[in-house]
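Every chain is named by a letter (A, B, C and D) in the order it is written, and numbering of its residues begins at 1.
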Amino acid sequence: MLNQTTKEKINRIVFGTDTKAGRRFDIVLLWLILFSVLAVVAESMPELGMQFPDTFFYIDWVFTIVFSIEYLVRIYAAEKRKKYVFSYWGVIDFLSIIPAYISIFVAGYHYLLVIRVLRLLRIFRILKLIRFTREGQVLLTALRLSMYKISVFIAFIFTFIVLVGTLMYVIEAGNPGFSTIPASIYWGIVTVTTVGFGDIVPYTRLGQMVASAMMLAGYAIIAVPTGIVTAELTKKAYEKNTKQCEKCDQEVKADDCYCSNCGHKIESKV
Amino acid sequence: MLNQTTKEKINRIVFGTDTKAGRRFDIVLLWLILFSVLAVVAESMPELGMQFPDTFFYIDWVFTIVFSIEYLVRIYAAEKRKKYVFSYWGVIDFLSIIPAYISIFVAGYHYLLVIRVLRLLRIFRILKLIRFTREGQVLLTALRLSMYKISVFIAFIFTFIVLVGTLMYVIEAGNPGFSTIPASIYWGIVTVTTVGFGDIVPYTRLGQMVASAMMLAGYAIIAVPTGIVTAELTKKAYEKNTKQCEKCDQEVKADDCYCSNCGHKIESKV
Amino acid sequence: MLNQTTKEKINRIVFGTDTKAGRRFDIVLLWLILFSVLAVVAESMPELGMQFPDTFFYIDWVFTIVFSIEYLVRIYAAEKRKKYVFSYWGVIDFLSIIPAYISIFVAGYHYLLVIRVLRLLRIFRILKLIRFTREGQVLLTALRLSMYKISVFIAFIFTFIVLVGTLMYVIEAGNPGFSTIPASIYWGIVTVTTVGFGDIVPYTRLGQMVASAMMLAGYAIIAVPTGIVTAELTKKAYEKNTKQCEKCDQEVKADDCYCSNCGHKIESKV
Amino acid sequence: MLNQTTKEKINRIVFGTDTKAGRRFDIVLLWLILFSVLAVVAESMPELGMQFPDTFFYIDWVFTIVFSIEYLVRIYAAEKRKKYVFSYWGVIDFLSIIPAYISIFVAGYHYLLVIRVLRLLRIFRILKLIRFTREGQVLLTALRLSMYKISVFIAFIFTFIVLVGTLMYVIEAGNPGFSTIPASIYWGIVTVTTVGFGDIVPYTRLGQMVASAMMLAGYAIIAVPTGIVTAELTKKAYEKNTKQCEKCDQEVKADDCYCSNCGHKIESKV
């Protein structure tokens, strides 16, 4: 019985935010994640990573061990262990420690690139941060809800870019930046998204005219995804001011006292 | 009678999506289109197109023959053949096969550019993809509805750019990028749409001041088309919550039970 | 009496769009304006303007005379002549012909630049086009209504850019693109509006960090003017569905039959 | 008693805008601020600052003394002196004069950079301008209200950029612009915000593909913060059409005459 209680206590600390210990655990973890990401970034700078390779090696292992302990504790304390391990957060927690362990088995200097990529995979620890911001999760939900519409929009834009890119490939033949259709499509993406690096630019007059039409079109159609998301969010804000009648499931305004459909007195607040 | 039934069966498969065979037909076609577009793109890359010209030649004819069969089957199975042939999709289907056939009649190496352009016209097959996404068609409708307003907006922006472009042509006289008014207008479009390639930039102080004012104005007025589309979409979402009174055609809220105009009891749901 | 009728007839043709002759007059004028603007643009191109200077000289005078006749006819036919002359359109019509006449009095080759600028002022004829698009006038109104808010917003952005520009001037001392505060402010405007020419870029690490913060801030705050205009337009669309009670000036919904304030029966439609 | 009245009179002039003297005081101050900022900007230009160093030295001290007098008068006339001194405006007023006084104590040419920075701090006088625009304060409030959501959004974008930046650091190894992770992140910010300077661009095909995906994603997600602010502002505009019942604090529509909750007759107008 005692063991059960200990597990429950730990569960409230590592998963919950309603106890003082739980909040402290979160804050300590937050800083650990930030520092571990900062270590990965700092290691990539020659004046740090090349000067003190050993220091970074040890720092990294300290973080790996700490996050491994966190992972094991979470598995131990999870209500449903299997559910946690295969949940979004379980996978992220696992991925943030596994590269370090794999790098042990990849022996010596033969697979330097593999090790390098493995070490950089630690940067994904930054995803652990999202757990701490409720707003972040709301934003993720908002993005996921508009995701399909946005995907269709991107597919549309991409179709448009493929067509104009091929056109530019024909018009700008001889211009090194437009030597293949994929290169033209790359230029099209850089242009329509209004990034405009300027490493590839049209030289012919006709090319500049087509590019101008493309830019003006792109400038105008950026309004469409914006409008879609806004309308979605406005609708959502509007809908939050309604509740359902308990008797006839009619949707009524949140501050109505009687159902406008059946006259049932509504007790509940939203 | 049997023939008629066969035609109806084929019609359901090639035009409909409500049968298993119809959905399978769509998926096969979807992949065929994607691969045929990919083949056009890949052919433009020297390391592929120059190495295996014959392969691409044969691949292309396979796709052309498959799409020709699809076109003929669609004509055969269409309810109203004439209507299909001159519909948006009929024209797209036709345009996706005709370049290959024309290229036979354009003999030899005399008209290389014509052949090259003809071959690239095959990229328009990508437009066949829109048929498969209902959301794509919704988006097209949304764009078409805002098209007129957006056109007027683009015309406005263009007028603004012509004026500022001419001004910059006077101010930046001697700067190669502003040697003619069309060149200045091209720069103006690149700048106002915030693409900013950087191949043409103002050198004089006055030119930089005018460019600054232009950029700030452009930055602020991008809000206008966005606002127009959003207001349009929000209005649409709002209107979906209304229905018409069956007696007096008065527009009432979707959850109203009695018409606010004539007192008629409304039975229908939206 | 006859004279009066003739004036009224001409008035309907040159100012109105409700008669066949009036619409024809508009269409002819529209093409004349387009061609006259095109002539100005074409003249700036060396391969045309340098080759056929006389042709352009004569073309320009033809347009000037035609627009002069139009101007005189409009003055003659205007209901209130003084009002027309000092109206927006009267001023535009005057400005589109006066540069040509001034250029006669500016003698010889001594004032080449003045003549050049005068000739380019003819480009302002493009503003005559706005008369033909009702939507254009709606857009102008929408812009004018949001103008004050947008101006305040631009002033805000500008204040922000002045501060960051001065900061960059200190940080990037020695970088030629940041040699003076005005140069730094120019760079700031190019960057915050996301144009990003790339002719001036920060070299120091601290400069790149400040620039990064500036870009992210600019990326996020572009949402504000967009939101302002959209909210304005949405409100407008919402308000169009209301009308005022004739008795107590209460604002009621457009489809209400009785004032919700005083019970007065409302006859008028919106 | 007389002294008290004098203080009140001065208070109305320096803090209020409801008297003629108060408005005049504001306008004089507005121009003084603009000219003092202009002086700082002009001094940074070699053809002015290097030519007439003494002139700028004296001009600056004149402004410093004028603003010092303004500061002392404000302290004297403030209703609650302590509150003013530590208010936003009190701090700005103090910061706009203190650099000049500190520069006296920093002796000679030993601390040239310090003096230079101190002198440039005077640019912060521009913040005094915000006091004069009520709309500016509204905008500040609007920004502050959306600040938290926008911060979360920027944090999200930043996380996304850190991940893609690290990926590009691996892919574009050898490309000088991607030599460290911070450099890659800088490139990522320049790209996702669509600034696109073009001083750092991907060279490898894989790098260009990842960059393309990043740009398209960034292009689509700019819709999210725009939508958030718009929904916020639309909600606010909607809420302005409501008032509270005086009896039960129920929120009712601005044009309702009876509370929909308790039937209380509502007298007040919004």
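In this text, a contact is a pair of C-beta atoms (placed from the backbone, for glycine too) under 8 Å apart; a residue touches a chain by one contact, two chains touch by 3 or more.
None of the values given here were measured: they were computed from a predicted structure.
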State the chain with the largest centre-to-centre distance from chain A, centres being mean CA positions. C
Do chain B and chain C face each other with the same patch, meaning over half of the contact numbers show up on both, or with different patches? different
Chain A on chain B, rotation in degrees - Cα superposition, rounded to nearest 5: 90
Between A-C and A-D, more contacting C-beta pairs sit at A-D
Chain A and chain D: spacing of chain centres that average the CA atoms, whole Å: 29
Euclidean distance of C-alpha centroids - chain A vs chain C, Å: 41
Multi-chain contacts in chain B, i.e. residues touching at least two other chains, fall at 153, 182, 185, 194-198, 222, 226, 228, 230, 234
Sites on chain A touched by chain D in the complex: 37, 40-41, 44-46, 116-117, 120, 123-124, 126-127, 129-130, 133, 135-136, 139, 142-143, 146, 150, 153-154, 157-158, 182, 185-186, 189-190, 192-199, 222, 225-226, 228-230, 232-234, 236-237, 255-257
Once bound in the complex, which stretches of chain B touch chain D? 194-198, 226, 230, 234
If you look only at chain C, which of its residues touch chain D in the complex? 148-149, 152-153, 155-156, 159, 162-163, 166, 169-170, 179-182, 185, 191, 194-198, 201, 205, 208, 212, 215-224, 226-228, 230-231, 234-235, 250-252, 260-261
